[in-house]
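As structure tokens, here come the structures.
Across the two complexes that follow, chain A remains constant while its partner is chain B and subsequently chain C.
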Partner chain A sequence: MSETREVPPAEVPDEVAPEPAGNGLRAVLRRRLTETTTWTFLILLGIVAGFAALRFQQFATVFNFRNIAADASGLLIIAVGMTFVIITSGIDLSVGSVLVFSGVIAAKVMLAIGGEGWGAIGAGLVAGLVAGLAWGVVNGVLVTKARVPPLIVTLGTLGMALGSALLITGGIDVRGVPLQLTTTIGIGQLGGVPYVVIIAAAVTAVGAVTLSMTRFGRYTYAIGSNAEAARRAGIDVDRHLIKVYALSGLLAGLAGMVSLARFATTTIGGHSTDNLAAIAAVVLGGTSLFGGIGTVLGTLVGVFIPAILQNGFVILGVQPFWQQVAVGAVLIVAVYIDQLKRRAQERGERR
Partner chain B sequence: MSEPLLEANGITKSFGGVRALRGADFAVHPGEVAALVGDNGAGKSTLVKILSGTLAPDGGEIRFEGRQVAIEHPVAARELGIETVYQDLALAPELDPAANLFLGRELVRPGLLGRLGFLDKAAMRRRTNKAFADLGVGLQDTGAMVANLSGGQRQSVAVSRAATWVSKVVFMDEPTAALGVVQSAHVRDLIRRVRDSGIAVVLISHNMPEVMELADRIEVLRLGVRVARYQAADTTMEQVIAAMTGALGSEEGEVA
Partner chain C sequence: MRRRWLVGTVALALLLAACGGDDDGGGAAGGGERQYKLTLIQGVKGDQFYVTMQCGAQAAAKAAGATLDVTAPDEFDASLQTPVVNAVVAKKPDAILVAPTDTKAMIPPLTQAKAAGIKLVFVDTTTENGAELAESEIASDNEEGGREAARALAELTGGKGSVLVINVKPGISTTDARAKGFEDEIKKTPGLKYIGQEYSNDKPEIAASKATAALAAHPDLVGIFGTNLFSAEGAATGLRSAGASKKVKIVGFDAGPKQVEDLDQGIVQALIAQKPADIGKAGVEQAIAALKGEPVQKKIGTGFVVVTKENMNDPDVKPFLYKSSC
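Entry: the complex of A and B
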């Protein structure tokens, strides 16, 4: 049924309640200005401008920005998946471990096939992606069918994925990744842009379009906003949530492959705080932990705030540990602002 | 009077040891407002949930346009042309009115983009504005989140959604409970207009003056069974309340 039903028109189209707003440019601008994303983007611009003013020669160079972007690419890929999960009012703590697990599986498969060919690399990539996807499906099924809270499910799979990776490798990083992978994808560039940055940018673009323009994105928002309403509207909530967690796992698998390409080893011990970094980036970007609100572009901003702070502090000769302090503070402020807005809305409900 | 559009006969439902419905009957005809009234615990909400597909009955039969049907899921109700305005409205507060109106029935773009799931937001916005204009809902900022709307505006969005998609029966569970005087008058007006378009409206309300004003017929539930039916025009509020509270015996009301 898709035809709108004709109902006799109202005689007096009076207002239910006066609301001094319009659909014009002003209303749009006002909405934009109250969005957390806008503020964090301004903060990012301020940070960049600040470092550029202090150390223009070292900071504002193509070389430096290329490095920042390449360093942030893995985190960005994970954070795009995390954005979808958090908008459904879920959480995925397992991404760092799934990244490591997928990297180990990919490396083992490439080693087993042997040689330097793209065939081995392709097989490794598929194996890594499937491994990530599988963990994501496990997360999604446990969250929806077993009704275990996502925080606990993904805390459990965090341990299980990392433990499994350690069991497979005996705790020793897998080396001997095909040289072609590291020399092309790992450090290679296309028109001055590193391949890993192109991959991350493509994931971000597809993620942003999917979230904002497709039915998949609309269901993601609707479930985070009011899962019961979505269910009553005929949306298969469980199935959609499984897909969202599967997406997060798949992207963690892809990030594992990117990590392999960059470091030529599985870096088993190097991803224990990836989950928290991704959550921080998503929340900094204006996505609400309560669900229903968020954008991929915001997450992009949220990934680069810590990355640029870190880089700038190193250049300035400030102890880089300050970056953690600064990001922690900004994160708390971002969530505080989100809370203030929620409270204002709840007051509005009682109007 | 015409054949009932939707008819429930001898519906039973228990929750653990509590018998919420003990063989309840109910009927609604096209183009009428049938009020379903009863004291707290009479089984109104349970009956509505069964007829709108959110609860499964233990026993009894449901007939729709004369044939027996099973309404096992809200989607099944929707396919029969039955819509419900839930008491909690069932809106997604972070989405805008258009997204809520089309929730679960999103329009996609034509062609390949549509097959990839790309939404036709402009068409949905256009049809939402038209639906609001037709129903006399004044909402200037249709791009705002539902969370930023007043209680009356939210109620209007929920009622408009049901009115847009309904083709046969609409259930309205306490549609004016949270509203002020002006806003309830507006929603009542909306309900009348939906009825005048030939839809069967089932009104669940505690507000007796409102029931007397809006309803064409009144069906009274008490302790899980129907105890009386009235033509609203031929009855008084006192009679209805007597039936609700048990001052009147079972099925003693003038059967409509």
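Entry: the complex of A and C
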């Protein structure tokens, strides 16, 4: 998937690009993306600076940032997959349910094998990842082959995955996964960095490189810009879309494993709004819901804006209900500013 | 371009200023000695049980000259409560009163809190190692609550027939204890046959289907004990649609406004009310005692009031109905 081989420019012709081709597709993309990400990054910095100014000793500590990163790790992994999906102008509403389903499958497998060993844990993790991947492939096939809109397909699989998880468990969280999983991956640290953060960082790095530097990434942008043009340029659009949805499912499965490791229980009730949180993070990160534009690094920033807001508000002692209001408002403000910026840029380009 | 920078920065500054201002207004007047900072982390936002607990805790904190912040996750789930606990720990209050949402999954963040030098008091729920982690664990004696429910149900049913427990889900220390107490006590009434417990996962529709299924399997079903709001309410809905609401009596737990309304309308026949305000009050008192280095009580059990339609307006029962705001 992560082919780094240079593709001759002829394979992705200029007609794919939404912009009037000036100095090549990639240069245009790169300029545009770095600029939109900068904005949200500045907002993030502003928020961090604001909280640090108000409560420096409580907020700006290694301890606090380590916890924020660990708490955001699961959502970040989901949001990386969501970035790819949204860049193809699709959507994946099923991620939270797939996360729960994968966690349930993994926990069940671990319990069935029994014992504390890494054999049981490994088998469970693999089963969980395969379960996530399978839901992703189902999404992709239904979107491309059955031609059902992604919103409907993933709304359907949202219900199906969660319903199946409830059927398997009888609606009761599966408990009693091997303690080793929690004490190592779940709460363990490597050089002061929690393992779950390392996993999420690795996923983000691989995702960023794949999207910006490989053929897989360029195809993703090309399909999101104009699927028909991509098809005429010789890209197997269906095949690529299936891969993108499969990636999203796989990463939701991985997030399920991270959640299972951290909480030692399947947390069935805790993920009903993960999909919206991931979409909000991706959009905050400058990815266009209409496809063709976006970066993984932007999504990284987008995940941390609500995470830091929640943390900061608890530290400030703001009433819990206000936190939801504020996070929603920041989403709109951030995207509004981004839109203003983008409009100005387009005007400038047209001249 | 420069103006837009300005718009963004100003908007952000306003937002943060608004939040900061909110906090500053909340400070209570300090007493003569050191003003302790306490934080109460509820199990879930907006639940009347926790609101009533908060009322009791706030009154006690005010009396002791301490400040009390209150926060809570969106849902009663460990994956949502963990970030809240972590953020509160970063805030470094002197003590945290917390209702852990899972006996196991909440151990890591709470261990971290204790390691940061914060005194912990567990209110209502606890963890598997609660005795180690917390200075004090304060809860209704939920087993006793279950026994109260069994006695109430024995009286309501006339002591003849099958009885069922509809519980929430395994791994919640409080509701598991209620079910256990009920099971122990119901055996003392020889005419009643205990047919086991079903789980509703806190969903009324699941409780409803489990209740009707149990009725089909056991035609002599005469009583159901729902260990929390949705379990009892869902069971009542299921029985009503099966046309068995006259025959089968329901005892519920807690006395929130909705439960009291159900009681008033005859949907449930008795409620076992806890005393959440007492839990909150005792939580603050124990936390402050621990901070001052005074002796603490490791475990405190608060009592119950059995509420029925007949006694719900009595002056010695009414104060124990839960509140939606202080």
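Here is the rule we use: the second predicted complex is superposed on the first by the 296 of 351 C-alpha atoms of A that agree within 3 Å, B and C clash if a C-alpha of one lies under 4 Å from a C-alpha of the other, contacts with A are read in each partner's own complex, and residues count from 1 in each chain.
The rule is simple: a residue touches a chain if its C-beta (ideal position, glycine included) is under 8 Å from a C-beta of that chain, and two chains touch if they have at least 3 such contacts.
Bear in mind that the values here come from a model prediction, so they are computed numbers and not experimental data.
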Contact breadth on chain A, by residue count: chain C or chain B: C
First (chain B), second (chain C), both or neither touched by A:319: second
Chain B versus chain C as contact partner of A:269, first or second or both or neither: second
Contacts of A:311 with chain B and chain C, given as first, second, both or neither: second
Touched partner set for A:233, first chain B, second chain C, both or neither: first
Which superposed partner A:147 touches (first chain B, second chain C, both, neither): neither
Chain B-facing residues of chain A, complex: 1-2, 4-17, 19, 21-23, 27-28, 31, 213-216, 218, 221-222, 224-226, 228-235, 291-293, 345, 348-349, 351
In the complex with chain A, residue positions of chain B that touch it: 54, 74-75, 78-79, 81, 84, 86, 90-95, 99, 103-108, 116-119, 121, 127, 130-131, 133-144, 147-153, 155-156, 163-167, 182-183, 186, 189, 193-194, 196-197
Touching residues (chain side chain A, partner chain C) in the complex: 39, 42-43, 46-47, 50-51, 54-55, 57-59, 61, 63-64, 67-68, 70-71, 74, 166, 170-173, 175, 182, 186-187, 259, 262-265, 267-273, 307, 310-322, 324, 326, 329-330, 333, 337, 340-341, 344
Chain A partner contacts - residues on chain C that touch it in the complex: 1, 4, 7-9, 11-13, 15-16, 19-20, 22-23, 26, 39, 45-46, 69-72, 74-80, 82-84, 86-92, 102, 104-105, 108, 112, 116, 169-171, 199, 201-203, 206
